[in-house]
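For clarity, chains are labelled A, B, C, D, E and F in written order, and residue numbers in each chain start from 1.
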Amino acid sequence: MDVAISTLLSPIILFFALGMFAALLRSQMSVPEAFAKGLAIYLMMAIGLKGGVEMSKNPLTLDIMLVLLAGIVLSFLIPALAYLLLRLTTKLDQTNAAATAAHYGSISIVTFVAATEAVRLSGLDSGGHLVAVAALMETPAIITALYLASRGQKRSEPVAGSEQGELVREVFLNASIVVLVGALAIGWIAGEEGTASIQPFFVGLFQGVLCLFLLDMGLSAGRGLRQGWRQLTAAIVGFGLYMPLISAVIAAGTAYILGMPPGDAALLITLTASASYIAVPAAMRLALPEAKPSIYLTLSLGVTFPFNVTIGIPIYIYLALLINGQG
Amino acid sequence: MTKYLQIELIIERMAHKRACRVLESAGMTGYTVFPAMAGYGGSKRWSRDTDISASADMVSIVSIGDEDKVRNTMDEIASLLGAHIGIVTLTEVEVMRPGRF
Amino acid sequence: MTKYLQIELIIERMAHKRACRVLESAGMTGYTVFPAMAGYGGSKRWSRDTDISASADMVSIVSIGDEDKVRNTMDEIASLLGAHIGIVTLTEVEVMRPGRF
Amino acid sequence: MDVAISTLLSPIILFFALGMFAALLRSQMSVPEAFAKGLAIYLMMAIGLKGGVEMSKNPLTLDIMLVLLAGIVLSFLIPALAYLLLRLTTKLDQTNAAATAAHYGSISIVTFVAATEAVRLSGLDSGGHLVAVAALMETPAIITALYLASRGQKRSEPVAGSEQGELVREVFLNASIVVLVGALAIGWIAGEEGTASIQPFFVGLFQGVLCLFLLDMGLSAGRGLRQGWRQLTAAIVGFGLYMPLISAVIAAGTAYILGMPPGDAALLITLTASASYIAVPAAMRLALPEAKPSIYLTLSLGVTFPFNVTIGIPIYIYLALLINGQG
Amino acid sequence: MTKYLQIELIIERMAHKRACRVLESAGMTGYTVFPAMAGYGGSKRWSRDTDISASADMVSIVSIGDEDKVRNTMDEIASLLGAHIGIVTLTEVEVMRPGRF
Amino acid sequence: MDVAISTLLSPIILFFALGMFAALLRSQMSVPEAFAKGLAIYLMMAIGLKGGVEMSKNPLTLDIMLVLLAGIVLSFLIPALAYLLLRLTTKLDQTNAAATAAHYGSISIVTFVAATEAVRLSGLDSGGHLVAVAALMETPAIITALYLASRGQKRSEPVAGSEQGELVREVFLNASIVVLVGALAIGWIAGEEGTASIQPFFVGLFQGVLCLFLLDMGLSAGRGLRQGWRQLTAAIVGFGLYMPLISAVIAAGTAYILGMPPGDAALLITLTASASYIAVPAAMRLALPEAKPSIYLTLSLGVTFPFNVTIGIPIYIYLALLINGQG
């Protein structure tokens, strides 16, 4: 309970709320796109480096390998479940349901970062390899979704101008994977000592930058919601709220089986429950151009993201404590 | 006298490289891409400032060439636009240094 | 055969939402807005880089539609341009997939 | 005197001078707009948070409420005086005089920030509620100016495409009000302890970021002046130099009546003497599109801002000491 | 009836001030400059994101005027384009408020 | 050897490698231009201030003046040698050879900054006046190159629309000269004490920002190379690799004659060996529009810059130790 309140009153979440509030009141203010994108790269470098430095301190155990594997499997499977639920409970067609499902199988790095802060505030520890899990969980969901979208369709010709490998590059070499994995490797190679001189930038400023970034996320989420809510039926909005909880329970079970400590478990649960709103939408525009961004993006960014960042994370931490017998 | 046409393609930013490849492979000698900042269509509005994924961003691709070459590209462009949103216009223009196209 | 026209409105950035509302309410099915970076008119120059208030910024709004619809919007646009600076041009264009406008 | 010199030789002012100098020599260098706007948001978050944290330490007294009220009243009244002087001493017509007057009633946040630094350097203290005063003084001036511009005109039809509430949103929910008031509230809620983890970003970097931002302001002011000086008559330029001093004297009187301590008084005087060059120009483009930005913007940004930042602030601090019997 | 033309000059960003000076000195009453983000020509591609020196960036300069004035500027523009890369097109347009050009 | 390895494994270089690697794999990721340009201004302010503060501690000796002069002379002469080599070993025509030569006479500020870090890591000291040398070496090379390009040509008419002084302003008042020289002067005036409050921003964050900036440089260099390598013959690529070494030897001789201490010598050698890819390309577009950026820019940014940053700098430090009898 305490965790929930201190999370909700942390400046990071308050700035997110400020942004949403301003957007819903139709304020014209905005954080310039180039600046926000620069901050996003900073944030990914910072968590990659932190994870890498932590991983450099301990050997790579089988336990860690199993967690990495679990992340991949979850990202592959969650979209199938999401697709099923969407087809059963909403009127979305095959393409739109598959595209939306891809978002819920993949992850949101900002939700992950906010959870890391909340875990730290709760006095729990978490391992650096969860950053690797985050990177690994980004893409498998896309593959599942593309399969679901093409099932039973007769193979269509490739779109004019499309290029062999174009989608693969977009999916496996997008900014967040390159920066996360790259910074993780650099942190690992350089270690604590080698990164000492860059700590003031990447560690000292982290929470402050996050405030600024979440102000922008709040503006985006609020505007997305205001412009797009008409496209969403009650059933779709419902999905955006219960799907993270279902994913969370599945991930909690996985964490329980793997015997993960509470901090790590909380992060794996958050990753599984979070939905992508940057990498997957971009991939969908190339792979499934007929699917409507006004549905999948509004849902993921306008409904699920705010839910996770405010209410979800405390629940996921609670779940993680529960499976460790500390609830 | 040869007639020159300007193609303008307003298309999703994510798909613009496809369009560019179409223009190149159809033999257009050049094109220039301009970023849009907002738009409206199908009763939906988008605006660069409000979409962190940039997945609704559009661009305009302008390419000038002689009528034959331009008409040549139209089939491929139609196929591209079958999959993507976006619009195409052709405008008659007068050019300087026609040899260059 | 239906004739298609492209409206191009070069107008202050601060006023562009007004122009967009005019186009929407006059029934144009779409438009796209492009940011300008500099300009000149009335013997004054402006440039995005030099104006921290961005109050001199201009944008170009491009909207394509059939002649009737376009002519329809002209009155409202004239009233808008009575208050704001900016210029309007109409260009005859050929479109693909005419059904879409 | 000492204050004046240390203010003028502080890196912040020197970078401003560098920017102006480069612009007047027609250097092509520029700080990218998106980057500068991002820094501006950072600066407003930082002063908002600082003010809020300080306010959280003391109860909201009647004295403070009176200062807030005084700020509002000054912002309402100064434009009337400015309008009168402009009409008497320059050839500006009703619309342009009213638009220009709005700028001088409103405030410049950067001038305020520079004054905060100078006050600190002078060894004076100032209260966090002055940030709230700054936010409150932004808009009343606009209302007075719109009244002045419409006086005696027959009510014109609304411009095609204009929307109910559009101007109100632009005026009351512009970026600086949203961020200042929001960050103030967040600082107040989270308090010293809650904001500890974001201090390295928002406090530690503040002065450095200000240097970079003032370099850009110098470039803008210099370029504005170079491009626009032809539009300004001597009488108009004169107004841009004496109006801040008149405002300062009025504000000093107010501060004296309210018994404000010197640090607070210096900031209230600076706010009153400063002129807007971001929020008000934007509002004027919507509300009075016929008024010429080449006049009001060149004057406020090219003449009054440099005057205030270099010569004005030391004078305003001196005035504040004077009314406290310490001049 | 006076005929109005729109000049569109696609030229290197570094050289755009030269082009602007040419337009001003030839008596055009205004122009607007738009930034491009990518392009292709002479079998080379450029893209703003990949060029830290920005030395391959192009811009589009649009200027509207009556036929006489526009034709007048063409000599000077040809001389400018002798040295720089870039292309020029003229398009016939209809204008509102013709008095303003 | 140790220096070489610790340089190559420093996070700064690793992030550069990450960027190049991602670009060569055709990842779509990019650092927004406005953000990268903002960081570049920050970096130049930081090194300018640092140099100025250091210079303020010691008087301006004749030794220092001689080093400044040596830098200017080297920048004037190296292009002549480069031009000769290009004409003898490649098929470049007069204009393209001259334009390319200008780049190798001028300097790369980022290479300089990377060398400063490597020098520091090697336990050597360097003087603040090397920053002044860097600023002074930017432009003379351009003058030599313009002379070489016009030799034997009959004087052509000025391009339509070109303006008296336009090129001079571009060359002498470009961003890096304005910011470097300006910040140097400000650091000198304000001194250690006056700049104390801005140290957390300009000193504390320096290395971290450099990581982020070099990630972007890696992306640019890699993309430049991928898009432009077809324009480069083996002879041209060869020039991009041996020319820095020739320049380095000449600079090392100069440093030996002037009796420069190893840290200073390493930086002078690096400056001479480095090639411009921002200021000079921009100037060439105005002065020699017929020269092809796809040659000079690809070579300087895609070949010489990566070479210098990875292999070159350790060699230059070694050379500097050698002439001081410590190799």
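Going forward, a residue touches a chain if its C-beta (ideal position, glycine included) is under 8 Å from a C-beta of that chain, and two chains touch if they have at least 3 such contacts.
Everything numeric in this text was worked out from a predicted model, so none of it was measured.
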item: Chains touching both subunit D and subunit E, listed by label; value: C, F
item: Chain-contact steps, minimal, separating subunit E from subunit A; value: 2
item: Subunit F against subunit A, contact positions shared by both copies (same if over half, else different); value: different
item: Approximate Å spacing (C-alpha centroids) for the pair subunit E, subunit F; value: 34
item: Distance from the mean Cα position of subunit D to that of subunit B, given in whole angstrom; value: 45
item: For subunit B paired with subunit E, centre-to-centre distance based on mean C-alpha positions, whole Å; value: 19
item: Set of subunit D residues in contact with two or more other chains; value: 30, 32-36, 38, 200, 204-205
item: Multi-chain contact residues (two or more partners), subunit E; value: 20, 34-35, 45, 77, 91-92
item: Chain-chain contacts as defined at top; value: A-B, A-D, A-F, B-C, B-E, C-D, C-E, D-F, E-F
item: Subunit E - residues contacting subunit C, complex; value: 4, 6, 16, 20, 23-24, 29-35, 59, 62, 64, 91-97, 100
item: Contact set on subunit B toward subunit C in their complex; value: 10, 34-42, 45, 58, 60, 74, 77-78, 81, 87-92
item: Subunit C contact footprint on subunit D (complex, rising order); value: 23, 30, 32-33, 36, 159-163, 166, 216-217, 219-220, 223-224, 227-228, 231, 277-278, 281-282, 284-286, 289-290, 293-294, 297, 301
item: Residues of subunit B touching subunit A in the complex; value: 12, 14-15, 17-22, 25, 44-56, 76-77, 79-80, 82-85
item: Contact set on subunit A toward subunit F in their complex; value: 32-35, 37-38, 41-42, 45, 49, 169-170, 173-175, 178-179, 182-183, 185-186, 189-190, 194-195, 197-202, 204-205
